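Here you go, one structure.
Per-chain numbering from 1; labels A, B, C and D assigned in written order.
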Amino acid sequence: MKNPIRVTVWNEYRHEKKNPKIAAIYPEGMHGAIAKYLRTQPGLEVRTATLDEPEHGLTDEVLKNTDVLTWWGHVAHKDVQDAIVEKIHARVMDGMGLIVLHSGHMCKIFRKLMGTGCMLKWREIGEKERLWVVKPGHPIVEGIGEYIEIEHTEMYGEHFDIPAPDDLIFISWFQGGEVFRSGCCFHRGCGKIFYFRPGHETYPIYHHPGVLRVLANAVRWAAPVESAKPVRGNFKPLEKVTTHG
Amino acid sequence: MKNPIRVTVWNEYRHEKKNPKIAAIYPEGMHGAIAKYLRTQPGLEVRTATLDEPEHGLTDEVLKNTDVLTWWGHVAHKDVQDAIVEKIHARVMDGMGLIVLHSGHMCKIFRKLMGTGCMLKWREIGEKERLWVVKPGHPIVEGIGEYIEIEHTEMYGEHFDIPAPDDLIFISWFQGGEVFRSGCCFHRGCGKIFYFRPGHETYPIYHHPGVLRVLANAVRWAAPVESAKPVRGNFKPLEKVTTHG
Amino acid sequence: MKNPIRVTVWNEYRHEKKNPKIAAIYPEGMHGAIAKYLRTQPGLEVRTATLDEPEHGLTDEVLKNTDVLTWWGHVAHKDVQDAIVEKIHARVMDGMGLIVLHSGHMCKIFRKLMGTGCMLKWREIGEKERLWVVKPGHPIVEGIGEYIEIEHTEMYGEHFDIPAPDDLIFISWFQGGEVFRSGCCFHRGCGKIFYFRPGHETYPIYHHPGVLRVLANAVRWAAPVESAKPVRGNFKPLEKVTTHG
Amino acid sequence: MKNPIRVTVWNEYRHEKKNPKIAAIYPEGMHGAIAKYLRTQPGLEVRTATLDEPEHGLTDEVLKNTDVLTWWGHVAHKDVQDAIVEKIHARVMDGMGLIVLHSGHMCKIFRKLMGTGCMLKWREIGEKERLWVVKPGHPIVEGIGEYIEIEHTEMYGEHFDIPAPDDLIFISWFQGGEVFRSGCCFHRGCGKIFYFRPGHETYPIYHHPGVLRVLANAVRWAAPVESAKPVRGNFKPLEKVTTHG
C-alpha cells in the first residue's frame, strides 16, 4: 500500500479574523474548510499552517514532511519572510507539490517560481464565472463535468502575466466579458505546481463540491515521485575521450 | 480500492516465429516478456494480443475493456487493417492510453495520431545507448536513476519527425554520435500516449529492469481518468443573448 | 532584399455562388476579400485558388510555388480529393505554412495534421465574440490591441478536439457563455500551422481590420525558413564505435 | 522599411583581461567578436557593454534603446548589481529580447526569469560536441545544417535545471557520454529569451560560422513586436452584469 500524501494547507488567515461576514462563511478559516474536505479523502494526511504562527507554521520539520503545500494569501504577501520563501522554493525544486489558490497569484513563492510579474485584471462585483475544461483526460479533472459554474465571484481577466503553462486545464468565462487561464500546471525542478483561480474570501467557494474535487485531484497529481535526485556539478566522462589526436 | 488497470500488450509477433536467435531471447515473444513483467506489478490486469489472431486480437470486446494498449510492430505495419486502426483511434480519443514501443514509431496508429511522417535516422551495429532523464519528478521516471544504460542496441537518431511532445522525458545519447528524443508524452483527445524508444528484437532489452520499470510507470500514467465526456455539436446559449438591441 | 512570400488563398467558394446574401457581403468570394487585403501588404505575392477549379487550383506547380496556403472550407470538405490533401501534407512537412480559417477546422488536411477529431461546440445566433490576446509579444499579434471584438458571429465553444497548441495566442469569450481557443500555433514537420477562428460566411468578418491584420501577421510568421532538410534513414556512425571488446 | 534591431552585446569581460591565452583568442573580448559579426548583418545596429563600465554599461538610456540584449558571464555573476538586474527584468517583461550564452546559465537575470536553479553537469577536457537540430523550420536554424559540430569544448550535461522550454531547438551530444538541451526558447512577459550553450572562453567558439549564424538568427527572432501593452489592474465590466436578479 502506498504511503499517504502529507498535505499542508496554508492560509494567510487575516480576513477571517477581521471581517465577521467572512468569518461567517469560514468559521474555521478558509484553511479549515479546505482541510476539512481533504480529510474526507482517502490517502491524504492533512495539517494546516497560517501566517501568524511562528515561522508561518512552516518550520523545517513541517516542510520536510510536507508532500504537497496549498497556499492562500491576499493582503499580507509582503509579511511572508523571505527566508521561508527560500525554503519552500528549495522543497519544490526537491519535489514538493505546490497548489496556489486565487489571490495567491501575487504571493512571493509563486512569483519567484514563475519569474514573471503574475499580475492580471480584476473586478469585484460578484458576477458569474464558468470554468471550462480544455484538457479532458487530465487527472486534475477526474470526476468533473464539462465546466464548473460559480454563481458569484470576483473576476480575474487576461492578460495574466505567467509563463505559458505546461498544461492548461481550465479557461474561465466571466459575465462581464473577460476570459482567464484559471487552471494551470507547471513543472519546476522536481516539483509540480498547480495554479487554481477559484476562492475569493467573501464567497463560499471553498464549499463548492466541484472546486473541492479539483483541489483533491490536484493534490494527488502534485504529489512527489520517488526517483533519483538530479545530478549536477563537475563530473568525469562516462566514455573514453581522446581530445588530441 | 481502485479498479485494476486493464492492459493489453500487443505484438506483431513475426520476428520471434521466423528467427531462432530472436526466439531464443524471447521464447514467448516480446509481448510475453512484457506481459510477464507487468503481471508482477500490483493493480494491473494484463492480457496479450498479436497480429495474426483474428482481428489482430483486438476485437471490440477487447478494445472496450482495455485501459492501456502497448504496441510493438516492425516489419508488418502494412498488415494491420485500417478498420482496426480506426477503432484504436476512437478508443484513444475516448481516453484509452497507448504506449508505442521502438519500431512502432512507424505503425499506422502512431502516425495517424501524430499527423507527421514519424521517420528518423537509424543504424544497427549494436552500439551503446544512454537514456538521460530530462524531466525528474515525472511519474514515468519513478524509481529510475539519472539515466538508463543499454549496452548494445540499434541506434535511432534525430531528426525524429514528430510534433513537439507535450512532455519530453528522456533524451538518448548514442556511441556513434547521435541523440534522440526517446521518451515522449502526448495528449490526444482524452487519451495519453507515450512513445518509448528501447526495444529492438535482436537484443534482450525487454529483460532490462530499467526499461521494464518505465513501461510499468507509463502504463499507470496513461490509464484513463473518469470524467465527463467532452461535449461537442450544436447547443443553445447558457446565457441570455440579445443580438439585435 | 528578401524574396516575397508567395501566398495562395484557397476557398471552397460554394456559399458565395449559391446565396445572394453571402454574395452581397463577399462579391468576389471570401478568398477575394482576403487576397485583396493581403495584396496591400508589402512583401507578399498573392494568388487565389478554389475547389471547383481543376485540381482545386492546387496543381503541383502552384503548391511548389506556395510559401503559405490559407484555407477556408465548410460544406464541401468531402469534395476535396485525397490525393491533393496528400500533396498539401507533403508540402507542410517540407516547410510550407498553412493558415486554417474558421470552419476549416473540419477540413481533411487540418484533421490529418492534428491527428484528432477537431470537432467543437457551435451555435449560430449572431452573438458577440471578443478574442483576448494571451500571448503578447508574439509576432501574430503585432499591431493588435488587448482584444479583437466581433459584434455578430457564429459561436465556437470548447471542447475543441485538437492537440494542445505549441503556442496559444487568442482565447475567445462569447456572449452565450462559452470560451474557445481561437488562435492556435502548431509546428508539424518543417511547417508552421495557424488555426484562426473568425470568419463565418454570413458576417462581414473578412472586412474587419483586426482580423485582416492577424491574417497578414500569420502569413509572415508561417513563411518557410531556409535550412537544411531533415535527414532520416540508414546512416553510418559519425564516431568510431567498438561494440565488442 | 523596418527600423533596425538595436542589439547590445554584453560581456563580463574579465577572463580576457587576466588570461593571455584567452586574450589571444578574443583580443577585443568575446563581446568584440560577437559584435563584429553582428555588424556584418543587415538590419542590426550593434553596441557593446561590459561589467566594469558604470552601471555595467546598461544605463536607463541604453536599456530603453536596446531591442535585444546578449549576455555572457561566468566568474562574476555576483558582481552584477541587483538594481540593474531588476531593470533588465522589467525590459524583458516589456518586450526586450534576451540571448543568454553558455556560462550565462547561472547569471542573475536568467535565474530570475526561469525561477529555477539553472545548474547543470559540466566538465572541461576539450571534448567534441555536436548540436543536433530538433526543430527544423524554426527561424533560429535558418541556414543551419542538420547539426553544428564543435571540435573542442567544455561539456554541459543534463540534468539542466530549467523549466521545459517553450521550444527546444538544439540537443547536444558529447563525446564523454552526456546530452544537453543546448538551444532553448522561452517567452516571458512580452519578451523572448533564447539560451544558447556554445561559447567557452578558452575555445574560439565565437569565431565558428554556425554558432555566429545562430546568434544572428536568434537576435532577429527575439526582437520585440509592436503591439498594445498588456492591460492589468481593476476594470469595469465590458458587458452589462446583473448579479442579483
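We adopt the following convention: contacts are C-beta pairs under 8 Å (C-beta built on N, C-alpha and C of every residue); 3 or more make two chains touch, one makes a residue touch a chain.
In this text, all values refer to a predicted model and were calculated from it rather than measured experimentally.
Chains making contact with subunit B as well as with subunit C: A, D.
Subunit D is reached from subunit B by a rotation of 180°, derived from superposing Cα atoms (nearest 5). More inter-chain C-beta contacts link the pair A-D than the other of A-D and C-D.
Separating the CA-averaged centres of subunit B and subunit D is a span of 36 Å. Subunit C and subunit D have Cα centroids lying 32 Å from one another. Residue positions of subunit D touching 2 or more other chains, listed in rising order: 130, 133, 135-136, 146, 157, 159, 164, 166-167, 175, 177-178, 187, 189, 230-231, 238-239.
Because contacts link each chain to all the remaining chains, their graph is best described as complete. Listing the residues of subunit A that touch subunit B in their complex gives 95, 130, 133, 135-139, 141-146, 166-167, 175, 187, 189-192, 224-231, 238-239. Interface residues of subunit B facing subunit D in the complex, by the touch rule stated above, are 130, 132-136, 146, 157-160, 164, 167-168, 171-174, 177-179, 181. Across the complex, subunit B meets subunit C through its residues 93, 112-117, 119-123, 125-128, 152, 155, 157, 159, 161, 163-164, 166, 175-178, 186-189, 230-239, 241, 243-244.
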